[in-house]
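Labels for the chains are A, B, C and D, by order of writing; each one numbers its residues from 1.
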Amino acid sequence: MRKITAEGLGTALLLAAVVGSGIMGDRLAQGNVAIALLANTIATSATLAALILTFGPISGSHLNPAVTLADAGSGGLPWKEVPGYVAAQIIGAVLGVAAAHVMFGLPLYSISHHSRSGFSQIFSEFVATFGLLAVVCGCSRFRPHSVAYAVGAYITGAYWFTASTSFANPAVTVARSLTGTFSGIAPTDAPSFIAAQLLGAAAATLLFRWLAPKGEQSRA
Amino acid sequence: MRKITAEGLGTALLLAAVVGSGIMGDRLAQGNVAIALLANTIATSATLAALILTFGPISGSHLNPAVTLADAGSGGLPWKEVPGYVAAQIIGAVLGVAAAHVMFGLPLYSISHHSRSGFSQIFSEFVATFGLLAVVCGCSRFRPHSVAYAVGAYITGAYWFTASTSFANPAVTVARSLTGTFSGIAPTDAPSFIAAQLLGAAAATLLFRWLAPKGEQSRA
Amino acid sequence: MRKITAEGLGTALLLAAVVGSGIMGDRLAQGNVAIALLANTIATSATLAALILTFGPISGSHLNPAVTLADAGSGGLPWKEVPGYVAAQIIGAVLGVAAAHVMFGLPLYSISHHSRSGFSQIFSEFVATFGLLAVVCGCSRFRPHSVAYAVGAYITGAYWFTASTSFANPAVTVARSLTGTFSGIAPTDAPSFIAAQLLGAAAATLLFRWLAPKGEQSRA
Amino acid sequence: MRKITAEGLGTALLLAAVVGSGIMGDRLAQGNVAIALLANTIATSATLAALILTFGPISGSHLNPAVTLADAGSGGLPWKEVPGYVAAQIIGAVLGVAAAHVMFGLPLYSISHHSRSGFSQIFSEFVATFGLLAVVCGCSRFRPHSVAYAVGAYITGAYWFTASTSFANPAVTVARSLTGTFSGIAPTDAPSFIAAQLLGAAAATLLFRWLAPKGEQSRA
């Protein structure tokens, strides 16, 4: 139960950060989207690193169904705990969006009309989640104390090097379809994002099963 | 006495950073508030991390009455040391504002007319301080050497994801009512900020007493 | 074979980050090149740090022929593994550029017309790579766990303090001649960049052989 | 001799970073000084952290006569090594300015006409160097492995929260009087900067001799 609470609360704070900093950046940047996205990037990745440090020792701080599935598939989390983790992440994410909206004086939810479709967007999500799981698998295998910093740094980069600004998280994708602000995604575009994310996560997990097998010591 | 001095000096430097970088950002940003706030954010959170690394081994480097109360309530700091800590934090904060003003050639103090009121502002301070204490409680329990980095990262995010730019600190709130510059708050708005901060801190402290109890080992 | 794969994949992700974030920054910054370069800098160096943390324990995470040659020259990597490393880095880098182009809906490759020539550009690459190898040699000798952070931090600086924006990597230079976007380099200018990089790397490696010899303990 | 070389080379790279990133930021920022200073800040502090990680185990990586004097005064560095350290820092700093100028196609040296005078500037340097030495003394006493990160973070903040942009280093001050670019200081203003820096450093060193005495264990 503690683990479930940690995942739900952590994902709620993550979404409050993603959506809230998007609203703030958008309001203050006078139309310069690069500056708004820079603020959104720095706020999101810094908060994410802080949350992984905080909740990591309690639940592993996945905050992401793709990470939970990859962890279970690699023999980490028992499969029977997966549904609770994923439900907590999605519910937490949806509540986090509402928290951000209340903080900025907006209605609890609003539908996004931000279209994010087409092959380059979908391929971006595949690459983004592949890279994220590569970082998670590599670091948690050999350098568990660096995971928070590595994930924060990776997301800082991925916000800019993917055309989709790197959602890389199915719970985040669902929740961001419920905000009509800077960081939203049109609900009709969410399913293909999620499919690409799960494919990317699976590819990285399988690759790292060979690249960094459990019985191995670090080579360098 | 050393601990009291460390808390006072640390909070003074923190406020010099908050107020000083606000003035500098505001002066140079040509009216683009996003750029001014980005500079204010980076300067504040980096200085805060440096101060926690510096004064942490001496006094715990709370620099924040909400953290001091939470620490005492969790059986950390003895209650009889609390008044000295809080007094040092408030006095240090007020002196730090004056230091910033002198560095920028302004009168020692000025009254802020920056109105920060309404439910979304108050709720923002509740969320901001709840999150800050969650980070402090979680990290100091399981990963004490990461507290400085986690708090710096969290504040980087919270400046942008709360509508109030995350004061999250009663001593900081009192002191910022004494500056008529970028980072100020109208004195009449300060009491409700402080009330929301204390409520948020209490909620996080109670939650983490259950979420990460003292006798527990890290699970992940 | 795992090491070769790690080098290739890591360099591919690095180039996707360099080129992709350059495209994104350029598209959003409304012509303010400082903002575009700031986004490009932060995304590149954060991704690089994450990749070194991820692939370091597998292959050493050189991601750079100059680092591979320096490591072999210092008795680290066996010379017979050098060709495989360098080939993987170049092939990975070239594929990473294509990945970035696909993510942003551009043709797989395009020729850069971005002229980067003249003595100050060449000297910049010498200094950039000299400094990079100094950081790599110094940290990997005495503080191996800090290499990722030190290299990320150094590249953050070097993007701005060199006139060439610090390519500092022959594989990156080859690959960036294949993109007509923000981060490109005209193919005719690439050879002198690479020569300067190799000279700078050699100078730093020789200097650190004396400055931080193998048998020495840390002095401070 | 190795220590002297490390101090000279490290300070040269530091100055190349300070002056070079100032030129680059100034050229690209289209007159928005906040953006130029943000680039200058991030490049300087990141480079400084990388240099401390690199040269710290060889010479202590002071890169600053104020730090060298404080270290000698606290019984660290033998006094007979001080002249060599300070000479290497000043010579390195002056050469680093020339390196930056060559990288950007400018004459080797130029006189700065950037006036930085008056009480608030001088007081800013006192505060900046007081804070820097507080961070150095506190961290090197209890958390030596955090010095590089703490100093980098502190300088990030101090660039913005002092009116003088925190030179906080006599060797840097001398060298920056030799550049007519963004980061320069008029030679006539340098002596009072250096005096204020030495006073601030002395104050912090004396305070920390009482605040964190040698025989003490960490209390928190």
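The rule is short, and it goes like this: a residue touches a chain if its C-beta (ideal position, glycine included) is under 8 Å from a C-beta of that chain, and two chains touch if they have at least 3 such contacts.
Owing to the predicted nature of the structure, the values given are computational and were not obtained by experimental measurement.
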{"item": "Mutual neighbours - chains that touch chain A and chain C alike", "value": "none"}
{"item": "Neighbouring chains shared between chain A and chain B, ordered by label", "value": "none"}
{"item": "Reference chain A; chain at largest CA-centroid distance", "value": "D"}
{"item": "Magnitude of the superposing rotation for chain B and chain D (Cα, nearest 5°)", "value": "90"}
{"item": "Same or different contact residues where chain D meets its copy chain C, judged by the half mark", "value": "different"}
{"item": "Centroid spacing, where centroids are CA-atom means, of chain C and chain D in whole angstrom", "value": "27"}
{"item": "Rounded Å distance between chain A and chain D, as computed from the means of their C-alpha atoms", "value": "38"}
{"item": "Per-residue multi-chain contacts in chain C, two or more chains", "value": "32, 35, 38, 42, 149, 152"}
{"item": "Pairwise touch network: line, ring, star, complete, or other", "value": "ring"}
{"item": "In contact (per the touch rule at the top): chain pairs", "value": "A-B, A-C, B-D, C-D"}
{"item": "Touching residues (chain side chain D, partner chain C) in the complex", "value": "2-3, 5-6, 9, 13, 16-21, 24-25, 28-30, 32, 35-36, 38-40, 42-44, 46-47, 49-51, 53-61, 99-100, 102-105, 148-149, 152"}
{"item": "Chain B residues touching chain A - in the complex, by the definition given at the top", "value": "31-35, 37-38, 41-42, 45, 118-120, 123-124, 127, 131, 134-135, 138-139, 141-143, 146, 149-154, 156-164, 207, 210-212, 218-220"}
